[in-house]
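Here you go, one structure.
Each chain gets a letter, A, B, C, D and E, in the order it is written, and its residues are counted from 1.
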Amino acid sequence: ACGGDGDDDKAGGSGGGDCNTSNDVKLQLQWLPQAQFAGYFAAVDQGFFEDEGLNVEIIPSGGDIVPQDALAAGDADYAIAWVPKVLGSIEQGVDLTNIAQIFQRSGTLQVSMADSGIDSVADFEGKKIGSWGFGNEWEIFAAMAAEGLDAESVEIVTQDFNMNAFLQGDIDAAQAMTYNEYAQLLETPNPDTGELYQPDDFNVISYQDTKGAMLQDAIWADTACLKDPAFVDRTVKFLKAVVKGWAYARDNVQKAADITVAAGSSWGPSHELWMANETNKLIWPADNGIGVIDQAAWDQTVEGAMAAVNEQGQHLITKKPPATAYDNTYIEKAIDELGDEVDTKGADYKPMDVELTEGGN
Amino acid sequence: MTSPATERVLRVVAPVVVGLVVLAIWQYLVSVVGVAPYLLPGPREIGQELQDNADAVREAFWITGRNAALGLVFGSVVGVVLAGLSAWARVVDGMLAFVVASLAVVPIVALAPVLNSMYGADSQYGRRAIAAIAAFVPVYVNTVRGLRQTTPQHRDLMHSYSASGWQTFRSLTLPSAAPFVITGIRVASSLAVISALVAEYFGGPRGGLGSFISTSAATSAYARAWAYVVAAIVLGLVAYVVTVLLERIVQHRLPTGGAR
Amino acid sequence: MSATAQTTAAPGLVTARPRRGAGAWPVLRSVLLGLLGLVAVAGLWEAYKALAPEDGVMVGDNRVLPRTTDLAMPHVWDMAQRLGEPVTGMRGAEPLWQAVADAVVVSLKVAAAGWLVGTVIGLLLAVLMARLRVLEFGLLPWIVLSQTVPLIAFAPMVRSWGSRIEIGGWQWPPWMSVALIASYLAFFPVAVGALRGLQASDRIHTELMRTYDAGWWATLVRVRLPASVPYLLPALRLGAAGAVVGTVVAEVSIVYPDGIGRMLVTYAGQASGDPEKAWAPIFGAVVLGLVAAAFIALLGVLLRRYRRGEAT
Amino acid sequence: MSTAVPPDPEDTVDLDKRTPATGSTSSAFGAPPAVEAVGVSKAFGSRKRQVVALSEVDLRVAAGEFVALIGPSGCGKSTLMRLVADLEKPTSGTLEVFGKPASQARVDQDYGIAFQQAGLLPWRSVAGNISLPLELHGASRNERKQRVAELIELVGLTDFAKSRPDQLSGGMQQRVAIARSLAERPRLLLMDEPFGALDEMTRERMQAELARISVETGAAVVFVTHSIPEAVFLADRVVVMTARPGRITEEIVTGIGREVVRDQQLREDPAFFTKVTEVREALHGAPVASSAEER
Amino acid sequence: MSTAVPPDPEDTVDLDKRTPATGSTSSAFGAPPAVEAVGVSKAFGSRKRQVVALSEVDLRVAAGEFVALIGPSGCGKSTLMRLVADLEKPTSGTLEVFGKPASQARVDQDYGIAFQQAGLLPWRSVAGNISLPLELHGASRNERKQRVAELIELVGLTDFAKSRPDQLSGGMQQRVAIARSLAERPRLLLMDEPFGALDEMTRERMQAELARISVETGAAVVFVTHSIPEAVFLADRVVVMTARPGRITEEIVTGIGREVVRDQQLREDPAFFTKVTEVREALHGAPVASSAEER
């Protein structure tokens, strides 16, 4: 199952000497098309990329495709990925740079039943804690480490794609994204009442409120390519369009949801709208401007990543990432160039209220 | 035509040589051609990771191994028994035809969430059920075919003895089918291992090889992921050796007229 | 049965017993029986659901039989009904069954390609191993072991390298990566089964060929291959199942957009709120498998002269 | 056995002194016949390509009677035997074995059969093959052991008890099949060219043994052979068949009673030669030149 | 064939007038012998349980000579034949076929073989089975068709050309195997009890055909049989073997030249009977009582 061709010593796949500096750009998502990525779909749909002269192809992932590896292998020019996972990859020898921290906040929750008595990370001890695995568990371990709990003090249960394990009581506290799995819970009929589950049926622990909080969706590029001025130029153009896309998604939530469905999401309309709305909450307001990396949040992520130890005693990372791991230059330049054309801070952003329907359909 | 002695030696030496050649090519790709380690880590790095995480790997090995073994045994037994029923009554055969064809193609991605829901994500039973289903299919399919391979003359003989269905099954049908059953189990052994492992991606208690392969791969810790993969291969090897031994025993008891 | 009962009304008028493979009845019969089997499974499902406790059958702490909640085991009729409803609440959304059917067609084509490639590779390997015993000793263990390497270890590599292949204007399409991975699962039962079959010919027949000084290949074509048919058929059948599973899994693994695999994952993600929906692509996969199995059954009919004497 | 003693006139078989043959020797009068076939036909194949293997065959074998079937290759001898054994159903006609339908006789294990091909189970040893019917019908381990040893001795394969069929010569395999058919001392023995692959001496020994067994156990025997002398030597009655379609054309009572010892002397009896000639003529459909000559 | 003409004294075979037998008829003097075995032994099995099938066998078959092998069941006749056919390697001794190693003769397709078991390919029709060797050695479609038709006719199965082996009787299968062995008109024919399952008439026809073929094509024949008259009738020389271990004990030259037509008349020749008795005595190891009686 092995064998290699060409593509020799380049630490960065298409990086090194021959980075793709053309206007045909590939963006690797970190999951299937859904409103979590509404800004990018909107930028395509509204022609923002085109306005910059770019022809952008959005590539979904999921399954066994790791976005930062696809990026490093040269299958894409930019990739969306969570910071802690990429930190792990960087320690394994991949040179990638975070060029825009789109999500300013962590959207991960740990949900338990209202009567479970699990209200905080400290209550995890001895409980069955759900996680998707695939690197999503590090945030849990980091938060637990901050509470002085080690990985073996809980039983980690791998969650599959839905919340059935939690709803049937196999898991005491399930991992959920505000924009997705949490909504799934609220779209499910409660067998006791016959009505949909209500928010007060659950205890919700948000990692954003814990020391374990880690930065999530960011745009990554090959570090070596960023030495190429042509690549940098194109990167700034790309980021400008992205910013416009997210601003559009903020101001036109319903339309953004519709665009995402048209782009191949298979969620029902109400779920998609919920997701677009919740995603906006993770981005806006962006005090330093959308995508600008907050040093404190970054440091906390790195600390958490270093503190976290899994139940087999393995670390996510053992040393601090290199300075090249993030760089605000490009997003700041993009925001700069956009000037007043768009509101890049969303200071008076107000989320809407979305009503969920059964099954999200 | 080799002598039995050289044959015994070759049986061991040949696979080892092939393994070494593959390893050499691999190492060559990594250290001379220079395939990036996050695409394909070298054998040396993997060996290193194996050493560093020996206890962790061993622990994961047993969890997955147990699930695979239980699934293999249970699935094979059910496969042989149902195949026997099919051979006994054509109605059963006909009725099982679609059901087995269906089971054979429902992939783990589809089965895992369903069985996890059914058995509970906090138990290993869902995975064992998956491994059992995976093992059941080849054993059933091969055995059904094998149970038809009695020769007309032998069937006549048993008929002339007015042998009961069970007697015919035991004295004639099963021995004729034995090589087919073995072929089925050989296929099933690796399927049980891989199924038990892949089922771990899709929910259930963490701790097996599959969980840690996916976790390691997600953060590009490929050498570590491959260390767990190597453990999976070793698990497959154990299953393989067991089936080979089984085959030896059966062949010793039931030599066939097969050509050499 | 009495002996007199065997006397036919008109002596000499021969009432041939229906022979296997003759006419449409046997085909119809097996289809009806198969459907009866599926109905029986549905019946068992509902009966179990009705009779067993919500939380399944527990022996000690072990749940030996599954739970029966609507989340775990939806009613058969609910699943059927869901197929007729639209995929989502979007205006103009197509019915669920249609979406599934479209995905099945996409996956079927890919699976067929994977099966073909896998079968050819499997047969080639089997022939090589049958030709040289050393090769069998050396390769067979690794072939068996190859199947314990999880796709996650190499599927991304296949996709990555595939996406870079470009010959002239022709670009390696993603479905070929899926088919290639599918063939990885399909070749295995074929290689193992065909090898066993090629070694199972009667000694008197191989010796006959030896007296003709027929080369190894002539013996292969004239004796070994025909004699291997009883082994080959289940091998091809498992290979077809492998190709289908491989296609679905590879679609998931490397994120191929239009097939049944992608649908399985996305709908499984919606199963909490809409448990019946998640079953639709599973049924789709089953249909896929039945088509594949039917194809192999047809092959079995075409090859029936190599299965003479087989008990029915 | 083949000592050069000239035939003793005292010992010459006097056919007239013997009891009449057909089925009257060892069975009580009125006992149901071992085989009773009336108007039995058998056709193979589809309507398009039909082969009529047997056409309107009537055959009665009394209990304890020894009947030899003889006829050209492909005339339906094996088919007739398979019908009696309930391995094939007649296309028309009725067939009874010991007064019951053939299927019932099979269930009751009223017969033992030796096929034209040995049909040994390749994974069982010689002893294992012979003990198969005993195992199936619940003989105790001891009984089995003893009976198998006896039978192996009978067919002269004591040294090969543990060999597998593929380690035996053709004739040895056939002897195992014969031993197997005798294992349960059946009331009716169906033997399809059992001695075809045996050399003359072994064959003669087996013939003598078979004759002895049939007398001792009072078993009826239906015996297919291509050897006319063998048929006459062994049988009370020789049934001659013709091919396409398979029919019984003639039945010749040998007149040699069951109680007559089958030995070298009988082979040299002029009356024996007369019968051989008679059968040959019946078989070949014309008087034969020299009746003293036997292939 | 079996018409009732009394033997014509003119036609009685005069053995003295004939050419001496051994291999001198159709082959040029000095041509390499068809088979030359010197000190050939063959043992089966492991050291623990060894069966010596053949021990120190010397056998020479001249080109064009017809040799019959006869001996008790299990004495190694089939084994010897398989050694000549290079299907088995001798444990010791040398074996040459037409002056070359047996393996080379096989490669050169110097022989045709008919096994003791028919060994037909079940998925091929009668015609398909017969044409197999022709296909393998590149005969054209037309040649094949013609030759197969000829051979099917020869063995009397014209109506069954399209039947599958499992639709044939035992004797019919054996005839197909015989036809197959003749297909390529080999210089050496190895036949292992080929006529064992045939009725007398078919057998006599096949004997006559085989004799004719061997004369016409000048083929040497090694012919295993259990029938002493058959051996004498057909062969130039009868090789008698004994069992455990398999050895050649005697060789009897029949003195009936190749050119003598094998017919009814020969069967009735007194000289023929004499030879039959001689072989029987050699086989049974003692003088036999009545030489006029055959089986």
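Note that in this section contacts are C-beta pairs under 8 Å (C-beta built on N, C-alpha and C of every residue); 3 or more make two chains touch, one makes a residue touch a chain.
Just so we're on the same page, UniProt names per chain: B, C = ABC transporter permease; D, E = ABC transporter ATP-binding protein.
Quick caveat: nothing in here was measured; it's all calculated off a predicted structure.
S.K.: If each step moves to a chain the current one touches, what is the fewest number of steps from chain C (ABC transporter permease) to chain E?
M.R.: So the least number of steps between the two chains is 1.
S.K.: Taking mean CA positions as centres, which chain lies farthest from chain E?
M.R.: Here the answer is chain A, farthest from chain E.
S.K.: Roughly how far is chain B (ABC transporter permease) from chain D, going centre to centre by Cα mean, in whole Å?
M.R.: Roughly 52 Å separates the two chain centres.
S.K.: Mind checking the centre-to-centre distance between chain A and chain E? Centres are C-alpha means, answer in whole Å.
M.R.: 86
S.K.: At which residue positions does chain C (ABC transporter permease) touch at least two other chains?
M.R.: Counting only residues that touch two or more other chains, chain C (ABC transporter permease) contributes 67, 71-72, 149, 151-153, 160, 202-203, 205, 252, 265, 268, 271, 278, 309.
S.K.: Quick check: what residues of chain B (ABC transporter permease) touch more than one other chain, meaning two or more?
M.R.: Answer for chain B (ABC transporter permease), listing residues that touch two or more other chains: 22, 39-40, 113, 117, 120, 123, 151-152, 201, 214, 217, 256-257.
S.K.: If a residue has to touch 2 or more other chains to count, which residues of chain D qualify?
M.R.: 45, 117, 166 - these are the residues of chain D that touch more than one other chain.
S.K.: What residues on chain C (ABC transporter permease) touch chain E, complex-wise?
M.R.: Residue positions touching the partner: 202, 204-205, 207-214, 218, 222-223, 226, 305-306, 308-309.
S.K.: Spell out the residues on chain B (ABC transporter permease) that touch chain D in their complex, using ranges where they run on.
M.R.: 151, 153-154, 156-157, 159-163, 167, 171-172, 175, 253-257
S.K.: Which of the residues in chain C (ABC transporter permease) come into contact with chain A in the complex?
M.R.: Per the touch definition, chain C (ABC transporter permease) meets chain A at residues 67, 69-72, 86-90, 146, 149, 151-156, 159-161, 163-164, 252-255, 257, 262-263, 265-275, 277-278.
S.K.: Taking the complex as given, what residues does chain D use to touch chain E?
M.R.: 2-7, 44-45, 49, 51, 70-74, 77-78, 116-117, 162, 167-172, 175, 192-193, 196-203, 226-230, 264, 267-268, 273, 280, 283-284, 286-290, 292-295
S.K.: Once bound in the complex, which stretches of chain A touch chain C (ABC transporter permease)?
M.R.: 1-2, 5, 7, 32, 59-66, 69-70, 73-75, 160-164, 167-168, 184-185, 187-188, 191, 261, 264, 266-270, 357-361
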